[in-house]
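Next up, some structures in structure tokens.
Same chain, two partners: subunit A is paired with subunit B first, then with subunit C.
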Partner chain A sequence: MRHVFHVRIGPVGFRIGSDWRGPVAELERLYAGYPQPADGIPDFTVRLFAARPWRRWLRPAVTLGGDFVLPDAAPLPLAQGLLAAEMAMNLQMALGQRRYLLLHASAVERDGRAVLMTGLSGAGKSTLAALLAARGWRLMGDEFALIDPATGLVHAFPRLVSLKNAAIGAVGAALPRARFGPLLAGTPKGDIRHLVPDAEAVARMDRPAAPALILFPRFGFDAAERGLGPSEVFVRLTQASTNYVALGERGFAAMTRLVGKVPARAIDYPDAESGIAQVETLWNAL
Partner chain B sequence: MAERFYRAAAAESLRIVPLDDFTVIFHRPSGLTHLVTAPAPQILAALSEEPLTRSALMARLGETFELGDASTEALDARLAELVATGLVEAA
Partner chain C sequence: MLLVCALRDPASVASLDARGWTALLAIARAEQLIGTLAHRLDGVMMPAAAARILADARASAVEQRRAALWEAEAARRALADVNAPIVLLKGAAFVAAELTAGKGRSIGDLDILVPRAAIEAVEHALLAAGWEWVKPDPYDDAYYRRWMHELPPLIHRERDRMIDVHHTILPLTARITPDAGAMIADSVALGNGLRVLSPEDMICHAAAHLFADGDLAGGLRNLWDIHCLIEEFGTASLATRAHHHGLWPAVSHAARQAHALYRTPIPESWRTQEGLDWLFRRRLLARDGWGRPTRALTRFGFYARSHWLRMPPAMLVRHLWTKWSKGYRPV
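Presenting the complex of A and B:
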């Protein structure tokens, strides 16, 4: 491919090839502090390409390719090339990751122990993780938490934090000195802006943490919380895992260990400020 | 006609982890995870000791549970489910 970018995010190395310079230039700028894939060998390859040669110039449309693809994924306009790259990288993880049990969850760490936050799109897991990072927590990731079946530890995957719609302003206000990607307006998921994880998140991304609290946040409800039994957590987390079935017995062992050891709460919160306070209160009560 | 015997799948083909009211069972031959609740784990435990006929199984479970007519029907249904999943084999 004409333009190529390599990056390692946590334990996972990527090679991103693109027909256009633009998306690669954005990735170089936003992932500037990140290392190269271990031994120079990427785990996954992503391709951003023009499905027809003229689509490189004429209403350029970015088609996603790579080791793993969704056959009916619609191309994105070139202006959303960064989003295309992030989506394609996520897709490789979701469909191809076999070393770790993958949970669709954000994670933050303090004192070597991690809070995992999982929920449907719009639950606020990225927002809560970004705001907790603004208050001294280490951001481990906003999209995937990687559970090592051998140790039970969670490994960081601090890709760019994907902020959507109202979260863009809220996080921007809380982190005035943070670095952000361009505002991508009118994407299939609404407005999106990427937050660059802070230097600490990148510097310490190879340090795993012991999961200490699992949260199922829901945004936009009166503040409430309830404890969840291990079997309900098991069901919810298998639904939140993209590779539980593919991992077979390793996934079963990792999941039963996680839900058997780590307390879990469902929290409803009306606004980000309340959500942060609820997380801190639960953390302090551990 | 002689009564059928039932037995649990071989112990080495199952990984059984009680969580709370529910128990999760990984079935190695199929790679499937099953989430079960009483009386399924008790049926499996009884049938892992030795193969039993349906009536012998009912008698065995009756030693630990109060079994009325309704629960007999329910037990039949649970047994049928366990056979369908491969966790119990009909001999």
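Presenting the complex of A and C:
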């Protein structure tokens, strides 16, 4: 393809090809400190292309392609090309990842032990992870936590942190010196702005961590906290995994091991500050 | 050609650089042959990153095999009270019979062949056991029932797996009418209550699927099936059987292409080159290093051909008009 970008995020290498320079230029800027795919051979190929030749110039629309695709994914305007790239990379992971059990969760680490935070869109996974990173935690990722079925350890996948709507201002205020992508207004998910993970998150991304706490946060409720039985944790995590079924027995073994060994809590929080405090209180009580 | 060379001669990957590996893996994924490739290249020296990707593909194929066998068993249970032979086709048959063609193969839908007289009973039994219609459009549904060689596809509401129930192997509108009765009569029992086609009929079916039906999408995989089946079972009674079904042109063509691309051992006298063989190869190999389809004109030609093979001209016009007015566009 005309414009090409290679990157490795955690253990996963990507090749991104684009019909336009724009998305690749953004990726080069935002992923500047990241390494190349191992041995120069990426795990996944992503293609950003014009479905019809004239769509390259005339009201240019970016169609998402690659090794794994959803048949009815709608194209995005070229101004949202960076979002298209991120979505297509996530899609490769969600549909194609078979080495790790994939949890739709953010993860932060301290002293070699990790907190996994999972929940529906809007629960505040990305925001909590970004704010914890501002307080000295290592950011492991805001979208996918990769559980290695062989070891039970969680591997980092520190892609750009995708902040939506009100979280953009909140995280911007907490991290005044962080680097951000362009503000993408009016996307299918509202306003989006990408936060570049800090240098430590990238420098240490090859170090896995032992999962120590699983949280199910919910934003916008009075502060509350409750424990969950293993069966509820199990069901919720299978729902939060895109490849649990495809991994078969390995997926089941990795999931039951995780659920059996790691304590889990559901937390409701009214604002980011309380949320952070609740996470750290639970962490200190471990 | 990169993928064909790697499948044919695993040692040839020694000369690949990172770029070559990247292209090979993208093409293999696009052609749904990555599991097969992983199996073929098992034990060959390669960069660690490629070895990891192929190990994942092998593990994935193991799970697909398990799911396919379980789905076949689910169909067997659902159809236990239907007094008819149930013959597994394609991928599920290859893994159930433990054939080379099944090693690492990607398997999607479950395809079964049943006698046409039993089709109604089979349909009712499947609906009662949790399968549901996929095609809500009445035209599509009616079209399948009147003209196709299979029921409209059904999907299981809990397992989300598709089943295609065939009563013969080519559409009823095609000019060739294979002897489905003989295929079922000569099928082989597996010992678990299910059956598979005889080796010759497996090859006839694969060749019919490749050259007498469809637009050659996924053709490299179908041709690899044919390669493995011929290598495993030979060609001794293949020609006689193919003539019986009216499929000799398709079978001999498949054998020629398999020999040309995968070096399949076929009799000397079959190794001719017919006029348009090159064009079919051009279509089979239309894929670039990004896994993208290439050669749009050739592709479209084969797409048009697939319809031409499938129905007489007046019917084709009616069909295309109906589909077009419903807003369906081919490309």
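Here is the rule we use: the second predicted complex is superposed on the first by the 286 of 286 C-alpha atoms of A that agree within 3 Å, B and C clash if a C-alpha of one lies under 4 Å from a C-alpha of the other, contacts with A are read in each partner's own complex, and residues count from 1 in each chain.
Keep in mind that, in the parts below, a residue touches a chain if its C-beta (ideal position, glycine included) is under 8 Å from a C-beta of that chain, and two chains touch if they have at least 3 such contacts.
Not measured: the values here are computed from a predicted model.
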item	value
Partner chain(s) touched by A:Arg236 [first = subunit B, second = subunit C, both, neither]	neither
Which superposed partner A:Gly248 touches (first subunit B, second subunit C, both, neither)	both
First (subunit B), second (subunit C), both or neither touched by A:Gly13	second
Of subunit C and subunit B, partner touching more subunit A residues	C
Touching partner for A:Arg47 - first (subunit B), second (subunit C), both, neither	second
Contacts of A:Ala38 with subunit B and subunit C, given as first, second, both or neither	second
Subunit B versus subunit C as contact partner of A:Met1, first or second or both or neither	second
Partner chain in contact with A:Val259 - subunit B first, subunit C second, else both or neither	first
Doubly contacted residues of subunit A, that is, touched by subunit B and again by subunit C	248-249
Footprint of subunit A on subunit C - complex, ascending	17-19, 21-22, 25-26, 29-30, 47-50, 52-53, 56-57, 59-60, 62-63, 66-67, 290-292
Complex interface listing, subunit A residues touching subunit C	1, 13, 15, 17, 37-43, 45, 47, 65-68, 98-99, 246-250
Touching residues on subunit A, where the partner in the complex is subunit B	229-231, 234-235, 238, 245, 248-249, 252-253, 256, 259-260
Subunit B residues touching subunit A - in the complex, by the definition given at the top	15, 17, 19-22, 24, 26, 28, 31, 33, 35
